[in-house]
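Both complexes shown next keep chain A, but they swap its partner, so chain B is in the first and chain C is in the second.
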Partner chain A sequence: MNNGQLRQFLALVRREVLEHPSLFIGAPAILGALLAIGSLWVLSMLPSEEIALGVEYLSILFDGLSPLQMAPMFMLLAVPFIIVLFVCGIVYLLNTLFQDRKDGSVLFWQSMPVSNLSTVLAKVVTLGAVVPVFYIATLFVLYIFTTIQLTILGFNYGVEVAGLGYMLGAAVVSLLLVYLSALAGTLWLLPSIGWILLFSAFARRTPLLWAIGVFILFGFLEDFVFGSQFLANWVESRSDPSRYLITEFSSILSRFFNYEMLFGVLVGAILIAGAVYMRRFID
Partner chain B sequence: MDKLKRLVLKNRFTVLVATLAVYMSVLVVEGALTGREARVVDFDNPFFDLSVDLEQLENLRQNREGGRQSLRD
Partner chain C sequence: MSAIVEARNLSKHYGSFTALDSVDLQIPTGSISGLIGPNGAGKTTTLKALIGLCDVEGELIVAGRDPRQARHRLMRDVCFIADVGILPKWMRVKQALDFVESVHPHFDRKRAERFLSSTEIPAKKRIKELSKGMVTQLHLALVMAIDVKLLVLDEPTLGLDILYRKQFYDRLLNDYYDGQRTIIISTHQVEEIEDLLSHLIFIDRGKIVLDQLMSQLSENYVELIVDAESRNAAEALQPIYRRVQLGKQCFTYEGVPREELSKLGETLTPSVADLFVAKMRGGHHE
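Right, the complex of A and B next:
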């Protein structure tokens, strides 16, 4: 990929972000705001002695501990963001190629010197590598907000707050783990991404029903005709989040480079190739 | 090869069928080679054993009928 192609690809990624600001920026921002307001509300309900005790406990708990060791603990706080990212990702994948045909913008993009492969790959890269950055940025702001809030409370109640710096360090390191988990999750779920993209490119209406309906039909036919359940077993084998969540730095390589991950990428590539070829048929 | 490509790229349905055929073939071949087990519809119950004794079932039915009869009376 030369410099011009790289710039073209980055422009396609930028276009995806600009076309879906509510899914990629609005959703995590709203979730972050709700969590911040929720934490303020909870703090306002608690008696001051309990708040002072809580801040002191947190400060002592994290004081002097390595952020690398404590980082996995903070991944739990990212769970609501991961769920929202998952839901927004499905909505995006279902609509992206379908909407391009519906509003006719596919005609414009096909008149440009941009290949269907670049367009579809830009969508996958946007979802897998770029969108998590917005979610993580929101989490970062939330962690900073919470630390400042706890520090102010600590000063108010005369509590030692040095340990909160270690806590923030661990929280920031956990963001790297969350990002790596999002990358690994995208690769692990590439068959599902490819499946949804294929039906987003195929369906004249209701791509969701097509994607679910054909999957159920294939599963039923396979079981009924051949008596086997390879499709259902395949989906079951990909549905365990513990296979792609990275909770420690020592497991990064084994998460990305193992047989099942690479085979999933191959299967996903088949379906994405189908979506690329499908894009040449315009309603 | 060109003929096959033209056939596959004839319309959206041929592309869909070809993609799904390749997808399923790869899955089935890999599943058969690696011996992936059929686990999805195994309704194993780890909590208790359900043993249906026909004699007990008949007793239960009679008890319930007796109860209903007494309620009617």
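Right, the complex of A and C next:
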């Protein structure tokens, strides 16, 4: 990739972010704000004895742990963000190759010297590698808020929950693990991403119904013709978050490099190639 | 004269509907060509085929490339404006400039900004907040700042008021066209572009029914206005179209020498609009 191509690709990624600020920036910001306000509200409702017990419990839980060991506990706070990212990701994928055909702006995009391959790959990279950064940035703010909250509570009740530096260290490690999990999740779920993109590029209306309907049809056909449920089982096995969530650095290699992951990436790549092919003509 | 577009035997079918029927087309380099036809004639399909947005059968070369192969490379040399609504509505004007600057190697941002500075379009506004006329001005500013060989315009002024339409074509002619670039304009508002054109193509029901340089039009097409006594003689020369104008008979001929017709009455070169009606209603397709 030369400089011009890199510049073009970055412009495509930027376009995706600018086009979907509510999904990529608004959703995590609102979630973060809700969680922060929610935690303050809960604290205001709880009797001080229970808060004191909770703070003491946390101090025991974190006692003697290094930031690396504390990080998986901090990751619990990331779970709602991962769920929202998952939902927003599906909404984005369904619309991303459909909406511009619907509103006619595809003619503008196609009038630029940009290949369909670059366009579609930019969408996948945006979702898999760029959008998680926005979620993680919001999560980082929430971590700082929580750390300060815990420190103040500890100070109030005369308990040191964990050192401020330790908690911030754990937060940074946790963010790194969340980002790696997002990357691994993108690759693990690449068949689903490719499948949705395929119907986003194909459907004249309601890509969601097409994506679900055709899959169900294939499942029924498989069951009817071969009497097996390979497709349903395969999707079920790939829906297990424990296959791509990374909670410790030692599991990074095994998460990214295993036969199931590589097979999924291959299937995803074929489906994404199908979406690129669908995109070549607009009639 | 070399051709920037060469098409042979182009066909396109949508189920049982034939959108293009063995179309042969040559667009001379440096021309301003008008692709004129009624609604549903195949204009948009032809233009989409030229820029690789529509799969067609037949041979097609545009600016030295087959548009069906690697459209993105072709679009370095070709620009396209469809009707007014195709700019992404969520984008701000500045973002549109940023995007085109980043993806198009032949885009001159300063030139685009110069064009925009002569309009009332604010850089911070979203495209959905602009009027139709402003969107067209913006699109034209973007396109006029791109140095390409061929500009394809598909009903570019549809839905605009007369002031914006006039301004659009004035800018196109005065600020963009340099005699080297080729412009193809598709429209059914014939009168508006008549004076711009150097090449004229009529299309109807997927077939090319006229393909002429404007300079040859007066040699091949003549309009004859006759009194009642010359009517039978005029009818005998097989006009392609006849109409009554202010009580007089008016006939349009194709390929009949002007000298022969002038013996019967007053001869004129038909306007593009009159010729269009004659070819569409006359039913004498090539």
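Some notes on this structure:
The working rule: the second predicted complex is superposed on the first by the 248 of 283 C-alpha atoms of A that agree within 3 Å, B and C clash if a C-alpha of one lies under 4 Å from a C-alpha of the other, contacts with A are read in each partner's own complex, and residues count from 1 in each chain.
The rule is short, and it goes like this: a residue touches a chain if its C-beta (ideal position, glycine included) is under 8 Å from a C-beta of that chain, and two chains touch if they have at least 3 such contacts.
Here the structure is a predicted model, which is why all the values come from computation and not from measurement.
In this overlay on chain A, chain B fits alongside chain C without clashing. Within the superposed three-chain model, A:I83 lies out of touch with both chain B and chain C [touch as defined at top].
Touch criterion met: A:R280 reaches chain B and chain C at once. Of the two partner chains placed around the shared chain by superposition, chain B is the only one that A:F230 touches, whereas chain C remains out of contact. Look at A:S111: by the touch rule set out above, it reaches chain C but stays clear of chain B. Look at A:L198: by the touch rule set out above, it reaches chain B but stays clear of chain C. In the superposed model, A:L262 lies in contact with neither chain B nor chain C. Using CA centres, the angle subtended at chain A by chain B and chain C is 90 degrees, rounded to a multiple of 10. Once the two complexes are laid over each other on the shared chain, residue contacts for A:L40 go to neither chain B nor chain C.
In the superposed pair of complexes, A:G4 makes contact with chain C only, with no contact to chain B. No C-alpha atom of chain B lies closer than 8 Å to any C-alpha atom of chain C in the overlay. Comparing which residues of chain A touch chain B with which touch chain C, the overlap comprises 280-281. Those residues of chain A lying in contact with chain B across their complex are 198, 202, 214, 218, 222, 228-234, 236-237, 263, 266-267, 270-271, 273-274, 277-278, 280-281.
Touching chain A in their complex are the following residues of chain B: 8-9, 11-12, 15-16, 18-20, 22-24, 26-28, 30-32, 36-41.
Against chain A, in their complex, chain C makes its touches with residues 14, 45, 48, 51-55, 70-76, 79-82, 85-91, 95, 98-100, 102-105, 139. Per the touch definition, chain A reaches chain C in the complex via residues 4, 7-8, 10-12, 14-15, 18-19, 100, 103-116, 118, 280-283.
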